[in-house]
Amino acid sequence: MTEFARKVPLRAGLLTGAMARGRGEEGTRITVMDYNGDRFEETSATSIDECLAFKDSGGVTWINVEGLDDPGLIESFGERFGLHELHLEDIVDTSGRPKLEDYGDYILVILKMLYPWGEGAQIVSEHVSLVIGGNYLISFQEGRGDVFDAVRKLIRKNKGRVRGEGADYLAYLLVDAVVDGYFTVMEGLGEFVEETEEAVLDRPDRTAIGDIHELKTDMLYLRKAVMPLREVVGELVRGDSELVTDSTGVHFRDVYDHIIQIMDILDTYRDIVSNMLDTYLSSLSNRMNEIMKFLTMFSTIFIPLTFLSGVFGMNFTYLFGKDWYWSYPLFWLGAVLIALGMLLMFKKKQWL
Amino acid sequence: MTEFARKVPLRAGLLTGAMARGRGEEGTRITVMDYNGDRFEETSATSIDECLAFKDSGGVTWINVEGLDDPGLIESFGERFGLHELHLEDIVDTSGRPKLEDYGDYILVILKMLYPWGEGAQIVSEHVSLVIGGNYLISFQEGRGDVFDAVRKLIRKNKGRVRGEGADYLAYLLVDAVVDGYFTVMEGLGEFVEETEEAVLDRPDRTAIGDIHELKTDMLYLRKAVMPLREVVGELVRGDSELVTDSTGVHFRDVYDHIIQIMDILDTYRDIVSNMLDTYLSSLSNRMNEIMKFLTMFSTIFIPLTFLSGVFGMNFTYLFGKDWYWSYPLFWLGAVLIALGMLLMFKKKQWL
Amino acid sequence: MTEFARKVPLRAGLLTGAMARGRGEEGTRITVMDYNGDRFEETSATSIDECLAFKDSGGVTWINVEGLDDPGLIESFGERFGLHELHLEDIVDTSGRPKLEDYGDYILVILKMLYPWGEGAQIVSEHVSLVIGGNYLISFQEGRGDVFDAVRKLIRKNKGRVRGEGADYLAYLLVDAVVDGYFTVMEGLGEFVEETEEAVLDRPDRTAIGDIHELKTDMLYLRKAVMPLREVVGELVRGDSELVTDSTGVHFRDVYDHIIQIMDILDTYRDIVSNMLDTYLSSLSNRMNEIMKFLTMFSTIFIPLTFLSGVFGMNFTYLFGKDWYWSYPLFWLGAVLIALGMLLMFKKKQWL
Amino acid sequence: MTEFARKVPLRAGLLTGAMARGRGEEGTRITVMDYNGDRFEETSATSIDECLAFKDSGGVTWINVEGLDDPGLIESFGERFGLHELHLEDIVDTSGRPKLEDYGDYILVILKMLYPWGEGAQIVSEHVSLVIGGNYLISFQEGRGDVFDAVRKLIRKNKGRVRGEGADYLAYLLVDAVVDGYFTVMEGLGEFVEETEEAVLDRPDRTAIGDIHELKTDMLYLRKAVMPLREVVGELVRGDSELVTDSTGVHFRDVYDHIIQIMDILDTYRDIVSNMLDTYLSSLSNRMNEIMKFLTMFSTIFIPLTFLSGVFGMNFTYLFGKDWYWSYPLFWLGAVLIALGMLLMFKKKQWL
Amino acid sequence: MTEFARKVPLRAGLLTGAMARGRGEEGTRITVMDYNGDRFEETSATSIDECLAFKDSGGVTWINVEGLDDPGLIESFGERFGLHELHLEDIVDTSGRPKLEDYGDYILVILKMLYPWGEGAQIVSEHVSLVIGGNYLISFQEGRGDVFDAVRKLIRKNKGRVRGEGADYLAYLLVDAVVDGYFTVMEGLGEFVEETEEAVLDRPDRTAIGDIHELKTDMLYLRKAVMPLREVVGELVRGDSELVTDSTGVHFRDVYDHIIQIMDILDTYRDIVSNMLDTYLSSLSNRMNEIMKFLTMFSTIFIPLTFLSGVFGMNFTYLFGKDWYWSYPLFWLGAVLIALGMLLMFKKKQWL
């Protein structure tokens, strides 16, 4: 167990875990729900033994562990429920990728929950692990979240089919809740994409490039978080395990479609943003072109005129026309003609 | 059924549903067609029970539902025809991707109909679902469309093989009608591509980059709409389901070829447009180059001349040649020689 | 048969069909060749019944139809030879992609013949369909071509193995003739690529970018025409059909290798051209750099000198040194020193 | 054996072998560890015969060879342990890629150990080969390393399961130690990426582009080193060989996940760096734009003013207004008005 | 056999065949080696009958044909050894791609030998074909090469296992010799890559872009030559043919690894070169930026000063301060203050 909790933070500030938000400090909290079609019990456990009391209740036992700071607790779960030591590592290693491990007796599902955070396009991720057994489900959350509250309500109020189904259906509800959260993140992202697009097309300036850079980096991390999820849910759909019934498999297929849809949106956004960058750079070049054209035309008109005035400003004694009355008006006439000639030339060059 | 009608609008203005066009307001309309080789009946139903009357008529019953605003109606269809609750969600979720679900008793096919809309390259999409049963077919349209009118005529006038075939052949006709609509969209797009290409090659200016940006974004969305269709029709071609006969499979293969052709055209257009962008940027650089070259040559010729005139404009008492008669003509001679020398140098530098 | 002859022209001027060249006007022409090891007969038929006379001759019957303007004729072929209605559509739809349809009794092969056309890199394509039956082969050409003349000579003069083999070997000869035509197109393209490359490296100007744009667009269309061919011939190599013998399969494998080679060349050309574009843009930047450097150096040298001359041109009564004899020579000395100092600075900046 | 030790150095200075660091000079060192649950022996061997003494000890024998300079020694290992001559080549060819060869009696695993080296982002690689037999494991290191010390401690102190498991578990520990070293390299790289990103966004100057170039090249080599490792460990996970037990396979799967994670991080870094380059170039263009705008505005304001002053500096006798008292103040008034007009125009052009 | 020796030269000067080097003029040369463990005979044959004399010697017969100019000779080989006519075409078509044809009785292997040629990065390729039979091997070389001399020495001196093995082992030695030649080419290329990289980073000028262009084009052709080789040797490794024994298959696997390594290096080089191009373009932009900044600052300082001097150079009678003693020194003071103000502004804009 040499590598317990090795952690490679990917990007501080973007996909940092819940702990960075100060949630982890509150210690670990365990809640247990035990139910079947007729019966329903909900307690807040403080030790693992309280959880085991429900193990042979005949119904489904859902143990929810919030906070991963207590390695002793996780290890004792490992012992009591016969979890592989490497799987325990996966549960606490918050830098790990989403994955599914089918160990026969139980299935371990590692997920990433995503929340929009603060203003702008900032997003935080939270490490979530589900251990799906025959008649129990243990969920480990990195922080104290409320994303599973909707599921809790369904169980409490006996709505939908959850009370009549097994632990696999509960797993479906939890995974679906996590994936639903992604749509919220996508919507926020979509708005930011649209705002940036408008900004880029309207006034291509310095802040735009910063926004594009941020968008690209954000999407890059999002993609990394969502992509392995497809495989995970894909394995649940295929339903090789006896722990997942066929009818639940159909539901997982629905979740799978949602994930495909999210990746589709992400791909589309990515293409739009890269499209934006091209447009931005083209606009910059265009602007430069206009500026240069203006400078060139302006200079070109005045340079010969200035030279001419310089010529007549020379202190030669024998400067022809110096004492002629019409010299000055003629000079101006010449200047205007030169300027007009230049403008004509620019017209021909299609610079005007 | 927590996620009924979750909707992630992808791009307002481009692929918004029919509802945005004000069609959905008119309420839901149900039309029923029942036919076989000999018999043909067509009614406009107001309740689901009227539809069920035809269920055991021995012929094929086509129920067309326009408008998805009445969830109660959709759910009652679900109950009467034994549709899975998740499939009902797919029917009303107008942001869902095209897909095919084979549930044994029936096949659910989700499609996107595309229409050109207004001027320019604007395109709207409409969500269409087909439920293909043994002897019935239910089609759900997001708005009130006329795209299936050609099929209705075939049935009414007993043209082609439709009256002699089953519900799967009807499904083929409907899918084919949808895919045919894509060709119309492609043609409009093709014209816009050609116009933009000409504009870019002729006069690379600011409006061109806007058009290219719009084209790229449009094609991106089109591709997302067409791509999953290939899989859907591909599954119909493979004909794993007993609901699709082999002879109808051959017809679906024809539709499949059309979809491949559409994707081919889309790919080609996309490459052309990206090609255009490269050319546009190169043209810009080229123009900048010419402008700079012109400015540089023009300045370079006049700068030393202006300096020279400045020198002879100095108020030194002992300015050599000041009082000489030939100074002024000689100055002009020098100026012309300097200018000629410069031009020669530019010639050598291949700037002229 | 609602979609008979639907046509989406991809790029007028590049891959337009033969009809655009005025060939189609001449009406449809049918030629029939019937042969085996001993016997050989060649006639020009005017009706389909004349063709059928040879059907049970015991030898191989090759019916060549030039011109697709007569839908009645095509349909009568369909009836007499039992061709599927969808396949008839494929034969006349000149915008369709190359493909192979194995219908058991016959194999339908759709190909694109390519010709160089006029000057430059212009290429036209022609729609060719082969119906390979047990002892007959029907070939449909969009226009009146001479590409199959070499094959006709082989049959007339009884050269090679053609007279001793079946319809599948004839099909091989025809497909090989079509693919051979591609090499001619490739050679022309290759020359144009090389010319453009030289032009770009020598003098990167405006016409070069136009040529690169044309090359890229041409290759794009060529690729689209050749790519599906690989699949088609690949299916013939695999020889799932009983209509293609193993020994002919070996010959088709040879054609397959040629197609791979053509795609290889196309890929290489495409990479070269995109390489060219990079080089072109870099050269442009380089040139701009040089121009800017020149302008900057030139201006920088003269700007302070002009200022100095302006200073001594001021009309102040108390302009120090104004009446000193050495002022003027000293001014020139200063000017030369300033210019030399500037040049030294540019040397240090590595601008010279 | 003609190609013994053929070596294609990829990039001197980046991925040079340990020998370049002068380690190889110290000669070859052999250490032997023999252990099972009860027994543990550790000696430093000088000849191969000492190693063979442990061969039938009943426990696991780990022979660690540091230094590949003595071809005779390697060959004698080949003879005694029945290694294929080509595998001996692989062991000494330090330019070879990571790979796995299953020869039935033994498995050869070729790995690359990576160390950060010196300051900056410099990394060195070391060639490591593992020969996994039934009850022995021979490890060949290019240089004298300390990366396996942690494993040695585990064995000596009988910690974890290593003493109770076979040679395959030892192999897992060694591969895991190597892969753990990659994380250290990744962390160093990540810091360098972040520093560079900040530098690019803050002040896009010359050194930034050098850093980006270095980063890109480094990552390129790292990817090449890590990528084949995935296949190698993937084969160990699949466990086709009888030499790897299923329970060790589960552990290798853990290592596999770590490698996937490393590749993920590498991909992310690569995308970030390429993202950075885009942003850098955009920033440059932006800056150029600003500079040009400034120059253009500044010149444009003064050019007409200078011309005007030149006009009134002409030495014409009849220069209107020359002797008027208000000429000079009026000139200044005109200059200020012209300047204000220019500024207004720039405002309208949105250059200000 | 209309396509004997069809030839599409890919790039004159780079991958032209040996004939371009004047080797083909010397006519065709045939050498025969016949050997087994005990016996060894080597003769220089002039006709094909001399070669056939060894056919049933019981040992392995290696017939080496240098020069492909004599189609009659190649055809007579075809007749005597029962080679397929299409395979004869492949042997003489020097523009063909590397490939493997397993014809049951013999295996045809087509390879490309690569040599560095002249100075710079020029490379020539030579077409090599191996016909591997049960107890004979015929090798056809486009030109007279010495690349197989090392193999001849092994046979003559009975070194290694070659005399004890069959024709397949000989084939391995020949293929290995060809692939070894690629490493030499790679090393030369690597040096050129490094030189160019240094040049680009040190002084990004015009010649650099030419070198990059050449490198990119060369690598493109190299890749095309090496890539199909992987498939060829891959098929030999899989050993579907009875002509290749398992033990030789292991040796081919070694060659396969070398090819993978070569492709790896090529990929790396390609990425480095494309990396280089990015860096080059960035450097150019950077330089342009600096030049522009310099010009702008320089102009900006002097433009107002020149204007001021122009103002005091006006010939107004009432020019205020004209006759004041301190005007001139004050002018200079003003000039210095303006210049300092400008410099301060540039400092603030971070242009200095």
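Order of writing sets the chain letters: A, B, C, D and E. Residues in each chain are counted from 1.
Operating definition for what follows: contacts are C-beta pairs under 8 Å (C-beta built on N, C-alpha and C of every residue); 3 or more make two chains touch, one makes a residue touch a chain.
Since we're looking at a predicted model, the values are computed, not measured.
In a homomeric contact, the two copies may use the same or different surfaces; for subunit D and subunit E, under half of the interface residue numbers are shared, pointing to different surfaces. Centre-to-centre, using mean CA coordinates, subunit A is 42 Å away from subunit E.
Rounded to whole angstrom, the centroid-to-centroid distance between subunit A and subunit D, based on C-alpha atoms, equals 26 Å. Residue positions of subunit D touching 2 or more other chains: 281, 285, 288, 292, 295, 299, 306, 310, 313-315, 319. Moving round the ring of chains, first from subunit A across to subunit B, one meets them in the order A, B, C, E, D.
Subunit D contributes residues 150, 160, 176, 180, 183, 186-187, 190, 201, 250-251, 253-254, 257, 260-261, 264-265, 267-268, 271-272, 275, 278-279, 281-283, 285-286, 288-289, 292-293, 295-296, 299-300, 303-304, 306-307, 310-311, 313-320, 350-351 to its touches with subunit A in the complex.
Residues 1-3, 6, 8, 10, 84, 86, 89-90, 95-97, 99, 203, 205-206, 209-210, 212-213, 216-217, 220-221, 224, 277, 280-281, 284-285, 287-288, 291-292, 294-295, 298-299, 302, 305-306, 309-310, 312-315, 319, 321-325, 327-328, 331 of subunit D touch subunit E in their complex.
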